[in-house]
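Shared between the two complexes below is chain A, which pairs with chain B and chain C, respectively.
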Partner chain A sequence: MSALATTGEAVLDVVRDVKDILTMARRTVRVVLRGRVERKAVVEQMHEIGNRSVFFITVTMGFIGMILVFQSALQALRIVPDLTILGSTYGEILIRDIGASIGGMMLATRVGAGIAAEIGSMVVTEQVDALRMCSADPVEYLVAPRFVASVIMTFCLLIWACFVAYITGMLTAHMVFDVNYQTFANFMLVDRGDVIIGLTKCLAYGAAIPIVSAQRGLATFGGSEGVGAATTSAVVSSSLAVIVLQFIISAIGYLIFPG
Partner chain B sequence: MSIRFEHVRKAFGPKEVLKDVGFEVGDGECFFIIGASGVGKSVLIKHLIGLLRPDGGSIYLDGEEVSRLSEKAFYPVRMKCAMVFQNSTLFDSMTCAQNVALPLRKHKNLAMKDALVEAQRRLETVHMGEFADAFPPELGDGMQKRVAIARALTLDPEYVLFDEPTTSLDPVSARRVDQMIRELCDKVGVTSIVVSHDLASIFGIADRIAMLYKGTVRMLGTPEDFRTTDDPVVQQFITGQADGPMEV
Partner chain C sequence: MTARRDPWLLRGPGALGGVSLALGEQVGGLVVLFARIIARLLPPRIDRYELVRNLHRMGVKSLPIVVVTALFVGAIMVIQAAPLVTRFNAREIVGWGAGFATLREVGPLLIALMFSGRVGANNTAELGTMTVTSQIDALRALAIDPIAYLVLPRVISMIVMLFVLTVIGDIVAIGGAIVAAKALLDVDPRSFLNSLFVLLNEWDLLTGLIKSLLFGAMIALTSCHFGLSVKGGAPGVGKAVNAAVVAAASGIFILDYFSSFILG
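For the complex of A and B:
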C-alpha cells in the first residue's frame, strides 16, 4: 500500500473516531438533559470514579507538586537568588493550567481504563445486547450515569489535586529552599480569569473522559483481546482528549482573559 | 412462513462470515441451526432482532422486512422475538427478580412493584421462585440459564432465539432446558430457533435443522434427513469425527 493511501486511511480513522465520540457525547447529553439518569447508578459511579481515585490522585499530585517546585526553584536560582515570587507564580500556573491538566491525565488513565474495561466486558459477554433486547438504551444505562458522576467527581478531585500539589510544593519550598510559608502562600498573580479557566478545564475533562472511554468500550469487538485493545485505546484517547481540551481552553482563555 | 432469511450476507472487515444464507422457519417450529464454531450461527440469528445489520439480503418476520429498521423501530420486534444468549447475560448488580422485571419496565412501562410481582411469577414457572432475591453470581450456570429464559419469556414472545442454550450445562440441566424449549413449541405455540452443537439436543427436540458451512446453508432438513444423508461434511459433523472433508 502506498504511503499516501496509508496516511489517508489513518486520517479517515481519526475522522471516524472523532465523529463517533461526538455522536456519543450528543446522545449522552440528550439523555442527561431529559433527566433519564438513575440516581442510584450515579451515586455508585461517583463512589467508583471519585472515592476510589482519592488516594491515587493525592499521592501522584503530591509528588508532582514537590517535583515542580523543586525543579522550578533550582532553575530560578540559576538566574536570581530570590524565590519570593516562586509561590505566587506556582499558584497561578497550578490553578490556571497544570493542576487540572496533570490531574486530568492521571484520572484519564484510572477512570478511562476502568470504564472501557467494564463496558467492553459487557459487550463481549453480550450484556449490552441483552440490554438492547430489553429496550434499554446502553447510553442511558451505562454511559449517562458515568458521565454525570465523572463531571461531579472529577471537578472535586481536580480541585483537591491542585490543593495537594500546592501544599506539597509549599512544604518542599520551605524545607529545601527555606522559603517562608507566608511568602510562598501568595496569590497576588492569581486573578478571576485563572480560576475560571482552571475550573472550566476541570469540568471539560470530567465530561470528556467518560464519553471517550465509554465509546471505546461500546466499540469493543472480539473476546478478552478486544477488551484489552479497547482499554488501551481508551487510556490513549482520553489522555489525548485532555491534552487537546487543555490547548483549546487555554487558547480561548488567553483570548478572553489575557492578563 | 413466519421467519424468512433471503440471501443474507455479512462480513467483519475482510472476513466474510455469511455469504448467501436463506431459509424459512414455520410457525410453532423448533428449528435448529448447526455448524462448526465461528461459522456464523449466532451472527445470523442476531440479524433477526437488529443486534447486527446485514451487508446484503433481506430478513422477514411475519411478512415484514426487518433488516432495514432503525434501532427504535426494532423495539416492537424485540417484544415479540426474544433471545436467550449463550452467556446468561444477567446483570450482576440486579437480583434475579429485577433482571426478569427489566423488560416489563422498559417495554411495557410497568411500575417497579408490579414488574417485580410478575417477575416472581415468571421465575416460579422455571422453578426459580425461591431465588428471586438472589444475585446472579450466587447461582450456578444452569440456574442462571433458567433465569435468563424466564427473562426472555416475560413478554410472552411469539418467537424465541436460543444461542447455544445447553453449552456449559451438566447433562441433566441440559435436558431440562431442552424439555422447556420443546414445551414452549408444543404447548405455547412459540417458534424457536436454536443455535446448538449439542447432538443430544439436536436429535432430541428439533423439527428441522439447517447446517451452515462456509457461509451458506449446506443442508436443510429433518433430523432423519441428517441421519441418513450421504453428504460427508454433514456426516462428519453429526458423528463428531476429527478426520474428514470438513474445513474448520
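For the complex of A and C:
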C-alpha cells in the first residue's frame, strides 16, 4: 500500500506542477497579448538574459561543436572509410536538433536559475506581496517582461549557438580529420523541414524557460533556504521542460517532415 | 565615495583585466579546495553518518529525474538517427547509431547536467546558507574540520552517485531507444540489441563511465567552492547558486572535450 501511496503522491505532485505552469503560461500570454508590458523592463531583461549569456553560450557551444564532430567522425569511420558526408550530416542534425536543444539546456541552467533566484528573493522579502498591495499584478510586472525578453533573446542566442558549434566543428574536422572546408560546408541535406523544426524549437524553449522558472520563483516559501530550493527546482524543471519539448517537437517534426 | 571613472581608452583593458582576475580567483579557489580535499584523504578522515546521509539524499532522491531524462534521451537519439538510417536504407544499425551516441557522449553529459542542476545547486545553496549564518565558523570554533565533516562526504557522495546514476541511466536510455525504434521505424528489439552488441565495444561503454566520474568530481568541486565562498547575506546565496551552476556546466563541457580527445 505504501508503494502505491508514494507513487500516487509523486504523480499528483507532477500533475499539480504542470497545471500551475500552464496557468502561469495562460496568464502571461494574456498579459502580453493585451500589450500591457513595460518596454523599459523588457529591455533591461533582454540585457540580463541575452547579452550576459553570450559568453557562456559561445564557450559551451564551441566545445560542443568540437566534441560532436570528433565523436561522429569516429563513429562514421568504423563503417565508411571517407568523411565526405560528415559536414552535410552534421549541418542537418545541428540545425534540426542538437544546436537548439543543447543550447536550450544551457540557457535553462543560466537563465532559469537567474529568474528563479531573483523572483524567489523578492517573494521571501515580501516585495511581491507589496506589489499585490499596490494592486499591481506580479505576472504583469515580473513575469511578462522576462517572457518577452526571453522569447526574443533565446531565439537569437540559439541561432548564434548553432553558428558557433558549426564553425568549431568545421575547424575540428579540418585539423583532426583533414576534411577540407569546401567539402564540410555542404548544406545539401538541409531542407525546409529541418529549418522549420529547428526554429520551432528555439521559440518553444525561449517561451518555456521563463514561465517554468518564474512559476518556481513565485512559489518560493521559507526564507533564504527556500530561495535555494526554488532555484534548484527551477533549473531541474526548465531543463526537463526543454527535454520534453525536444522529444515532442522532434517526434511531430519527424512525422510531418520525414526526410 | 564614488568610484573614479576610467578614461574611455582604458575601459576595455580594465574590464578585460577585471574579468581575468575574477576568473583566476575562482579557478585558484577550486585548485586550493581540491588540494585540501586530497590532503584530507591521506589518511581518510570521513564522517561516516554524513556520508551515508548524503549518499541517500543525492543519489536515491535523484533517481526519478535521471530515469525520466534518460528515457527521453534514448528516444530522442533514435528520432534524430531516423532520417539518416532511412536515407541509407540501413534500419538495422539504428541501434548502434543511437546507442553509440547515447552511451559514449549524450547520456553521461545530459545526466551530469541534470545532476548538477538538482544536486549541485542544492549543495551550493545549503553550504552557502551555512556560510552566511556563520555555521562554518561555529564548526571551526568547536575544532571540527569543515572540510572533513562537510565537504569530503559530499564530494565522495556526488562522485559515487553520479557514476551509479549514469549506469542506471544508460540502461534506461537503451530501453527508451528500443521503444522509440519499434514505434517509429518498426525495428525489432532483437535486431536493435543485436546491432548494438556486435558493433559496440567495451571501451565505448567505459569511456562514458570514466567521463561520468570526471563530471561528478567537477560538479562536487564547483558546488562546494561556490557555497563556501558566499559573501553578502541571503542575496549572495542566490548569486552563488547561479554562479556554481554556470561554472559546473562550463567545466563539464571543457572536461568532456579533453576526455573525448584523450580517451579517443
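Convention: the second predicted complex is superposed on the first by the 258 of 259 C-alpha atoms of A that agree within 3 Å, B and C clash if a C-alpha of one lies under 4 Å from a C-alpha of the other, contacts with A are read in each partner's own complex, and residues count from 1 in each chain.
As a convention for this text, contacts are C-beta pairs under 8 Å (C-beta built on N, C-alpha and C of every residue); 3 or more make two chains touch, one makes a residue touch a chain.
The model shown is predicted, which means the values in this text are computed figures rather than measured ones.
For the composite obtained by superposing both complexes on chain A, the positions of chain B and chain C are free of clash and fit together. Of the two partner chains placed by superposition, A:38 touches none, neither chain B nor chain C. Once the two complexes are overlaid on the shared chain, A:93 sits against chain C while remaining clear of chain B.
In the overlay built on the shared chain, the residue A:130 is in contact with chain B alone; chain C does not reach it. Once the two structures are overlaid on chain A, chain A sits at the apex of an angle of 90° toward chain B and chain C, using CA centres and rounding to a multiple of 10. In the superposition on chain A, A:74 contacts chain C only, with no contact to chain B. Once chain A of one complex is fitted onto chain A of the other, the partner contacts of A:9 are absent, as it touches neither chain B nor chain C.
Among chain B and chain C, the chain that touches a larger number of residues in chain A is C. Least inter-chain distance for chain B and chain C in the combined superposition, rounded to the nearest angstrom, is 12, based on C-alpha atoms. Once both structures are placed on chain A, no chain A residue is touched by chain B and, in the other complex, by chain C. The touching residues of chain C, counted against chain A in their complex, run 64-65, 68-69, 72-73, 75-76, 79-80, 82-84, 86-87, 93, 97, 100-101, 104-105, 110, 113-114, 116-118, 121-122, 124-126, 128-129, 132, 184, 199, 234-235, 237-239, 241-242, 245-246, 249-250, 253-254, 256-257, 260-261, 264.
The residues of chain B lying in touch with chain A in their complex are 12, 46, 49-51, 71, 75, 78-79, 82-83, 85-87, 89-91, 93, 102-103, 106-107, 151-152. Those residues of chain A that touch chain C in the shared complex are 10, 56, 59-60, 63-64, 66-68, 70-72, 74-75, 78-79, 89, 92-93, 96-98, 101, 105-106, 109-110, 113-114, 117-118, 120-121, 124, 223-225, 227-229, 231-232, 235-236, 239-240, 243-244, 246-247, 250-251, 254, 258-259. Of all residues in chain A, those touching chain B in their complex are 44, 125-127, 129-130, 132-136, 221.
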